[in-house]
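In the part that follows, the structures are each spelled out as structure tokens.
Both complexes shown next keep chain A, but they swap its partner, so chain B is in the first and chain C is in the second.
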Partner chain A sequence: MRSRMIAGLALLAAVLPARAEELRFCLRSDPKSSDPLNVGDESSETVRYLTHGFLVRMNRKTLQLEPGLAQSWRVAKGGRAIAFELRKGVKFSDGTPFDATDVEYTLKRVTSTERKVQSGDGLRRDEGAARILVSGPEKIEITFAAPIAGLAYLFDEIPMLSSRSPLKDKAGLGPYVLTEQRAGDHISFVRNRNYWRSDEKGGALPYFDSARIDIQQNREMELTRFRRGELHFISALDADSFERLGAESPQSVKDGGLSLESEMLWFNQVARAPIPAYKLKWFRSAAFRGAVSDSIRRDDLVRLVYKGRAAPGFGPFSPAARPWSNTNLKPLRYDQKAALKRLEAEGFRLQGGVLKDGAGNAVEFSLVTNAGNKNRARMAALIEQDLGRMGIKVNIVPLEMPSLLERITRSYQYEACLLGLVGVDLDPNDQMNMWLSSSATHQWNPSQAKPETAWEAEIDRLMKSQAAEGDEKKRVALIYKMQEIVREQTPLVYLVHPHALMAVSPRLANAQPAAFRPRVHWNIERLAPARAGEMASAR
Partner chain B sequence: MRAQKGLLAALLRWLAGVLAAGFLAAALLYLAPGARVDERELDPTLSEEARAALRAEGAGRGGLLGFYVDYLRAAVRGEFGDSRTYGVPVRQLLEERWRLTASSVLRGWSAAWVLGLGAALLCARWRWSAGPFTAASAVLVSMPSGLLAILFFVLRWPVAGILAAAVFPRVFRYTRNLLEAAAGSPHCLAARARGVSRGRLLFFHQAWPVWPEAVTLAGVTISAAIGAAIPAEALCDVAGLGQLAWKSALARDLPLLVALTLVIAAVTLGCNMLAGAAASLGGERRWRA
Partner chain C sequence: MSTRSVGLAGICVMYAAGLLAGVLAPAGYADQDREHPDAPPSRAHWLGTDELGRDRWSRLLHGTRVSLLLAPAAAVVATALAAAAGLTAAVSGKWTGEAMALAFDVLLSLPLLFLLLALRASLPLNVSAWASLAITFALLALLGWPSAARVARAGALAALESTFALQARAAGIGKLRLLAVHLLPHLRPVVAAQFWLLVPAFILGEANLGILGLGVVEPLPSWGSLLGELQNLDSLRAQPWRLAPAAALLIAVCCFHLAGKTPAEEA
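== the complex of A and B ==
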């Protein structure tokens, strides 16, 4: 009798997904925004990912769009219109029904030009307002004044809000409901009882009954807690921690391959910057920037700093960003002779191991970077060594982040800067603000009233053209051209593209770590506590 | 009347000290590089409008003196503004966290006193026992609070333990010196000559007369415990006022840091003031006796 009961319980445990455990992971900082339409930071994005629903969702593994609240969609009129067919019987977390009027309500807020929200940036057009047509409780069509590139993908970032719920924007269609938020400490969630998605066997999702996100700025502490079994996963590990953890527990570490991130350096080209005129002249010379790029041994950066878990810098789009990365371009290689040749053509000459410009000024510059980042400190040291061989003296200046930001965004009191770019979205429009010369994040020479150089004007044109192009092949051609100009002019010296390194506990089942953010919890509703048997097999 | 005047003067000194500390914190942060810059400005996905709004928010603080006067006016009503780092009212953050820090400080400080004073008394009674305590005290005093915090975090010991470890050497060394000095004083020599028992000599002739100095030390060590709570909570990731102070300084969160400075200054200066008053009262009584 007893053995039958045990066998029955074991069978039940095998059939039912394991529940009742709390999913735990960390974020580096508190969410900056509680408005689901105005999300600009990773923490707010994560909270929105847990609490809100989207018409379509991009599978981070396959990079294909999958049905969300919309069971199907169709892009028409050359990228000017999109029609959705919604799922039936979907309810918000408070039980309010969801239908096309909610989509209309959300899209009106998103496309409004009076009170602009961040989520609608890609959908707002200067040419005119969008026309929204509701033709039934489950049918809606949106027509824009001009074609929009990657139209369907933009809906992966627009959370659907309720037009009728008394909870207003707090009513969500995501797998979890926020229950408690203590600034700087933690955020707690419970399972959304009205969540619309179910698993293949008809079982309710999500599998974890609750989730807790701890705010943990210190990466070492996060790693220690993961080792203790207090966390289910870490979304971003540095190469050192990855190696250390991998040595202890090889099944816990996951290398998701090349990410969209880039580490790069750039020279200050701002005309009003408080730096000597002769230095500004160097920094504004494409030959000088190109020579610096040629003098850096990127393979060493990959091998010594990233322990082989990165690829040498390539350009604005890491080789992982297919189809946008221009594969026709040759990889950037160390070539000291070519670098010297370029410099000599510009009037520089190497005298007694010191590189001097045409006026006899020794070539020397300071390189600022953020203090406390081990990888950047090591890269800066290797760059200093590489450029030293060319007779260029580099003074490394690590600065606290606020001080660094003030220098690169306000006072422009810096000569060169080493920082990273975190690519969130695969679409080139994600980098639009970085490349437009009028933008404040056009780092080497921001907020230009009109493009100061012909090549920047051309990049402006190419970026704007691709954003309004509905045909993906034509967009790719425009982006390829833009990358050729960037390679020729080298406004940003790309150093490495790091891999997406993560840690996933064997106690977590169904995780499919991906290179694109959110890397581990992109399928959060399917993450489940691993049963004892699964844990043993994972070991 | 004289006592009332003295109390009023002490309160005014306390208030001036608190206000000066707040102003100093505001001035340092105001002049610090990056005080008006928001990290989100670097986000290339942010629209130009959103970026302009962030810039306007940073630039709209006006002059330092004007800011501080406005801030104090609001603080009188219990409003300390909104935290830039956390995006919530500073008052809410203080209310959520003060208990945790107060509890850690109180437990750590009490443990340090029990251990420190106990060890000092043991050493005074049995001189041969001084070696291990002196060595432990030397090790702890030479160890930065940050290192202690990492050690305690790895061992999963409470933050109060870090504070106790930081305060213990001061209590032990100072009280031991006091007891040794008292042991050589004429009244102790006379008592010993009269054949007073060792225990009685220790408690009534050595320890009791030095209590005013010990009370002063108690006030000072509360400041030390609060000071140690900042790196300890930050490194152990404990959501108390110490962690808040650390993060607000790094993030140049002006309203939050000024509020924390006012609170911490009020507590430490208040403790010192009370300890000073108790010590002077004790001193007067001793003289009168």
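== the complex of A and C ==
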């Protein structure tokens, strides 16, 4: 009887779908937006990646655009127009057909200046509205008032929505359909039965029948779950976890090389900020900022904090961001003597181990960063000691994220901040919001009515010019010039550019981890349980 | 030797180690030997070095000083507040007493950790690490007294029903005198027990903040900030000496617990 029961259970286990049939990974937080056109956080972006379709997709390994819902496209009129030829027979997840009217509907919403959406940031032009011409169910052409740099790439960020589906924006063209979302716990998806893409042999995609994303803030817990085989991948590992996991399972860890991310420090230059006038004067001095930059041993940050899995800070574009990273610029080097010289030229004096300004004020500032981030805490400790050698006293203040954001975006009650920048897109337009002086995310002095300094005005001009330049060589020249100004003025002290460190379970087939986000699931429809993946590759 | 004596002796040893940290520690708590990060224990570094090359033994000693000096200070403040509030609630009229008891309960129901986080976030930024530390413990003291106040009130209410208190009240003694001369000495063991309980509670409170990265700020060490490393369980297996701050905390809590025992409990 007992042996029959065991045999029965074994049979049941064989018949029931294996746990591996569900793709599992974690996100750090709940998605902040359910509007696919207004996505600003990684979690919302991931959900959109699973549930929605795009005209073109960038291959994160080759960085080339590949056909998506559009089987071909053509950029014309010097970067002012783009024509798409759509696939036939594509259906939304609820069975509603997809054609050029849906693209027109989506693009009208995206380019609307009345109700601005984030997905349209790169497409809205001051010069005038876009003209959309539908010349057939599969043919559509969009003409803009002025050239747009990297035009085709912008469509990698615009999800196509249905103009006719009763489900409205919830009807998607992505590989999965969202079935359940429990705040703070998990998000579940099932395979989109109407998904248009198939593999090379005509097999249905995606390979996994369902996907589950668990919301897991604790990185250690995420790592433990990965080890237990509960997760298929981790998109971002810190260097410590990478080393530890690599020691016990070298085949699971993937170093994707330099990422587009930067860790940086900046000083508050907001004129109305509630900080003493003499400190604001320091922070607004390019010599002061440059001297601080020169006084930091970036090699130590790389070696001690990132275990060598990072590159010393270089500038707005990490050396991985080719062709945009200005290779003519010399690497930032530790040079305390040069730093002191720059400071002395500005009236600072080192007296009894304390750096004082021309008015005799000892140089001391607070450095806020987000609490609980080990790497930033360590970097802050190293910077505190490096600057201490220059006679500068740094008070490190870890704050929980909401308080930190309140200070750096609203009240401006801070002096210096240590944070990171997550680059999603290789194109310089991805950083437009940070560099335009009018932008709310121009961190050191946001939302300026007009540029307060000549160099910020020049950066505004260069960024706007490159955004309207169709010729890539000319764009590169403009971006190079912009980086030279940034190097000279040092509004942001670049510290390190970390590597893209990931973990991928050997149980997951077809993964092609890349340095650019989304690093592991960019080809989610092709990710497969290892056995199915092996079968797929053998066919 | 009584268990209380063992506890007191342990506390004395720990205090001595903390107070003499400047002499006993082979290096400053912030000194970074960047060429020797994550070093294993050696003659030069008894507990090895941390990821920035700082001597773990020196940081533990300085952390002991920080945690063991400020936690009792905060416990004194909290116990005093608790005794004052508890006794006042006991000798006040029925309605006032009940209202105060309700207020204690409301304060107890507040999410202490979030309140601490919010208060810490609103503090001025440009304060030294020591000042920031003192403020953290002051906040712990100001928020940590209600449970002790409830115990003090209950003790006082029981004492008020006793014969000596009835006789005192019958003799026409005023409330203040009743409180100061008769009730307070009677409640001394209760209040002392609360003090001994609050000390480890505050050490652990600071440790919790430290694990969240919001306790003592770098580079100053405390047991809390040192315990932050314990989140990394694999490293502990490979480098068990990292458990030293946890061991110190455990010993301290045990010592305070033993020291807080009343003679009746020991018997």
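The criterion applied here is as follows: the second predicted complex is superposed on the first by the 511 of 539 C-alpha atoms of A that agree within 3 Å, B and C clash if a C-alpha of one lies under 4 Å from a C-alpha of the other, contacts with A are read in each partner's own complex, and residues count from 1 in each chain.
By our rule, a contact is a pair of C-beta atoms (placed from the backbone, for glycine too) under 8 Å apart; a residue touches a chain by one contact, two chains touch by 3 or more.
These numbers come from a predicted model, not from an experiment.
Within the superposed three-chain model, A:E400 lies in touch with chain B and with chain C [touch as defined at top]. When the two complexes are overlaid on their common chain A, residue A:A371 makes contact with chain C while staying clear of chain B. Residue contacts after overlaying the shared chain place A:D240 against chain C, while chain B stays out of touching range. In the superposed model, A:E488 lies in contact with neither chain B nor chain C. Contacts of A:E344 after superposition on the shared chain: neither chain B nor chain C is touched. For chain A, the partner that touches more of its residues is B, with chain B and chain C as the two candidates. Once the two complexes are laid over each other on the shared chain, residue contacts for A:E180 go to neither chain B nor chain C. In the superposition on chain A, A:E384 contacts chain C only, with no contact to chain B. Overlap of the chain B and chain C interfaces on chain A: residues 224, 400, 403. Across the complex, chain A meets chain B through its residues 29-34, 38, 40-41, 116, 118, 121, 182-186, 214, 216-218, 221, 224, 400-407, 409-410, 421, 424-425, 430-434, 439-441. Residues 30, 32, 34, 37, 51-53, 117-118, 120-122, 125-129, 132, 212-214, 217-219, 228, 231-235 of chain C touch chain A in their complex.
Interface of chain B with chain A (complex): residues 32-51, 83, 85-88, 92-93, 96, 153-154, 235-237, 239, 243-244, 247, 250-252. Considering their complex, residues 220, 224, 240, 244, 300, 303-305, 364-366, 368, 371-374, 377-378, 380-382, 384-385, 395-400, 403, 413-415 of chain A touch chain C.
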